[in-house]
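Letters A, B, C and D name the chains as they come in the text, with residue numbers starting at 1 for each one.
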């Protein structure tokens, strides 16, 4: 229907590629268009809450990229605005829609592995973002682990109680000098009793490494990486296969499409979104608690943050 | 730009989905449109040669689904028309564009496995087509194995010399009564010395089974099936994974897109198509020879057919 | 109990390693020992029948390495001697006792894959034997494929009807000059309707390649290679694993132990051996027929050989 | 040479099976035998230190099962006795000799993955031991995780600095009532900077689950479970493989043999044992620290324990 962007060339390119007629650098023009029923907010994080509130006030249903914000009070305000307006809000935790991860959740939810005892999440990027980005990213736990916090909640169907984080700047000392870490292990206790171990790195030289496992009383279900092709070469040196898909655009290409199809379907069928405002809020709390745990060298209860 | 179909509802549905303005039940209207530079012929096999000839005469570049025809003389006529018109023709052997198979070919072509000695191709459908289709299909070797004949040529970069086929109606006796087989093993001798074994079945209960291997003097490269997701469930009964993608629309979804992108690029860059008219002709010869081999219970040289 | 060998040092070394008291270069001394109830014949193929007959006459149960002999009349004589003496004879088709292949047979026999339609066997050695050996080996089909012929009978539980073989000296022209081939594809029609494709090579540069698959009306079961360790290395170049176990001594180490345990158990429980004299005879017939097929360039029925 | 056991029938059975002449219920008889140069101590943990000291005093080289003891002072005494006597001592951390784990260590040590950043260890038993055993086991961290503590040191080549443990009785509440946990996640900081996550469960319904991964600046190397056979069944329900080998006797059968061969070779070549007394001590310190961490809900430095 329409696109808006503060960068005019990108906006025009997108409008042309999507055969979209309306394009404006002022998103309020879109909000004012009564033929538009829903918007997707993909702008920078610091603009999310403001646009959510304006879109809600304009009666638009909202898809918003994660994180909603880094400030809990600000998130609560935005979620209140959404609730008051009675519009639907779906947060962009795209990994839930990855067919492999969705299948794992489906098997856990159906009881195939019994009661969850241990969840393991490996999440490593192929390379760190620019240092300038790191400095404003909110730190690894809010920028990167936030996806894994969401995944732990999604896979277990449970809220978390407590977090303990260790980390260091092993990939690049400059990241440490900027006050952040690039390698971390985070453990969680969930309210349903399950224990979680998440490991993160800003640089896996072999590409995007995204693996999960849920182990329970009746078995274990996991999902590994996906490769661009299924070739297997056997030669004098060994057996060789393709590296994992390089980064999120490749790995989650399917997930992004399914995520937006799900949003559209939720609107058409007047259902509850699959990733709610609360689902957007909780991982921010978890990221803030993990940050405090790392700084203070002790386990932190989420109630300390959200209290 | 435009679509044509003898089935009006399907045509209108497609035109709408592709945001295409022009739609006509008479394909000649499209051929007469000077703003159209290329056509894709996806009609029934018996119409291919005629439309190829008319499109060539109209100066259109042509993408045509396989097989071109079952009649060698008719194919030669159509290829002559294309050559005379100086237009480009690409035949729809989509599997060449599957990323896994393309990677195998790339490794063979680059010498990673040395000189090819043995090629193995497994190609099994999830279920047989309707009996009415079987009766007019030209037989399993022209309808199904034809893809594997193309694959053997593609992987090896060599023409074939001789074929021997065994087969039976093990899936459904009615297929046997219709004069066809539903299970077959075909062996080929290639001109470069390599030996090929192809096995086919009309019904793999676990889904579409598409695997290849090229074994050579310096190693072996293979490509297996792809699954809809990468989950692994371990329980008291064993370790379980998803079945292969169900059929060609799922398995070769990527390949179909890449195939047409390649056709467009060939036109834009004025290059040789990646699947030529000759590539369309040879597998038909191979299918006819395999059919004769099965009937006569002896190896058949391709020169007998094409002589 | 005792060992005999024409090579004295090897004999003494073995006797010492096994803490065996009795050792003689004349195997007849062992046959004359009434405290010995069973013998294992592991001498050169041309001595098998003679020793079988003498051991049977001496009332010993017999384990004999494959092949019994290359001469069918001679095999029939030896088997008659065994039958007349009422002793048990087990032939050394060790691969039947490999845990993976045994599991595949178990699943086929239990009906897990329904009625077998297609059997695929890949059997490749890491390197050819010395040319002097090749010259007296009886040819690839009697020396190497004989194991695969046994495997086809074992997996299917069916006799074979007809064979067609193609082959060439692609690994080493000298093997061709010696009148043999080093690369071959053999297809079989079994009496139960199943079709078989066997591919052989005398040299797989990555090691011993031993894979089987039985495909049927209700599914497919396969078994691949086994590696010395389960490591997986992911680096900038790709994902790397260990090559298959190098050759038969490594790959079938477990199978050799289980094979002899099974022989002992058969004697203790007075049961039918799991690999009978007939099981030793049939693959020789199949090897002779395959040899004729290759020479004459046509399918050969086994009844032609055994008639 | 000789065996000793407090259980006479087991002793006699073993002596007979190993063709060993000397057997005595008093191990001191063996220590007094001047023809014996080395002993393997496989008795209950509370007897280890005493027998080590007596064996050392008798000038015997010593292989001793893990753990040496749960009391650090007692371990130090025993190690001093060994040092004073100038005999060799190898501790039974068998997993180091598993071919897969040894290969992972080899690749880490050779620099294939660069500098280690993250180590993940999954170690789950197929079922908990009897409650009576649990009560005297020293707790999960000294009884079970001790192997993983050794593995972390072995894989990284680094000592550890700090531990944090979370755990619960999720498998069996009775284990909780006995003051222990049956499910745990332990994180370590190593002196070389690497971070470690270990997850344990007393009951994996699908069998013994033993997996490791070392992730570093240039890649990652892992080793998974091993199965009793390599069959793959594809049917209408999915793709199915064998469960992992059931427990340590099956999974580490090879490792136990290699471990003792290594001990013999160390003696014959007068080398440093591959698992030293210090290697026996450190994991006990780590287990004690993890136990304290769980009880006090905080990270514990190893210097607190060993100080």
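Convention: a residue touches a chain if its C-beta (ideal position, glycine included) is under 8 Å from a C-beta of that chain, and two chains touch if they have at least 3 such contacts.
All of these numbers come straight from a predicted model, not from anything done at the bench.
Visitor: In contact with chain A and with chain D at once: which chains are those? Just list them.
Guide: B, C
Visitor: Starting from the defined contact criterion, work out which chains touch chain A and chain B both, please.
Guide: A chain counts here if it touches both chain A and chain B, which gives C, D.
Visitor: What chain is the most remote from chain C, judged by the mean position of CA atoms in each chain?
Guide: A
Visitor: Please tell me whether C-D or B-C has the greater number of C-beta pairs in contact.
Guide: Answer to which pair has more contacts is B-C.
Visitor: Report, in whole Å, the distance between the mean C-alpha point of chain B and the mean C-alpha point of chain D.
Guide: 56
Visitor: Nearest whole angstrom, what separates the Cα centre of chain B from the Cα centre of chain C?
Guide: Chain B and chain C have C-alpha centres separated by 39 Å.
Visitor: For chain C, what residues touch not just one other chain but two or more?
Guide: Residues 204-206, 209, 218-220, 234-236, 242.
Visitor: Which stretch or stretches of chain D touch chain C in the complex?
Guide: 19, 99-100, 102-104, 107, 112-113, 218-226, 228-236, 242
Visitor: If you look only at chain D, which of its residues touch chain A in the complex?
Guide: Going by the criterion above, the answer is residues 114-115, 117-118, 120, 122, 124, 164, 166-168, 170-171, 183-185, 187, 189, 193-197, 199, 201, 203-206, 209, 215, 217-220, 297-299.
Visitor: Going by the contact rule at the top, pick out the chain C residues touching chain A in the complex.
Guide: Residue positions touching the partner: 204-206, 209, 227, 234-244.
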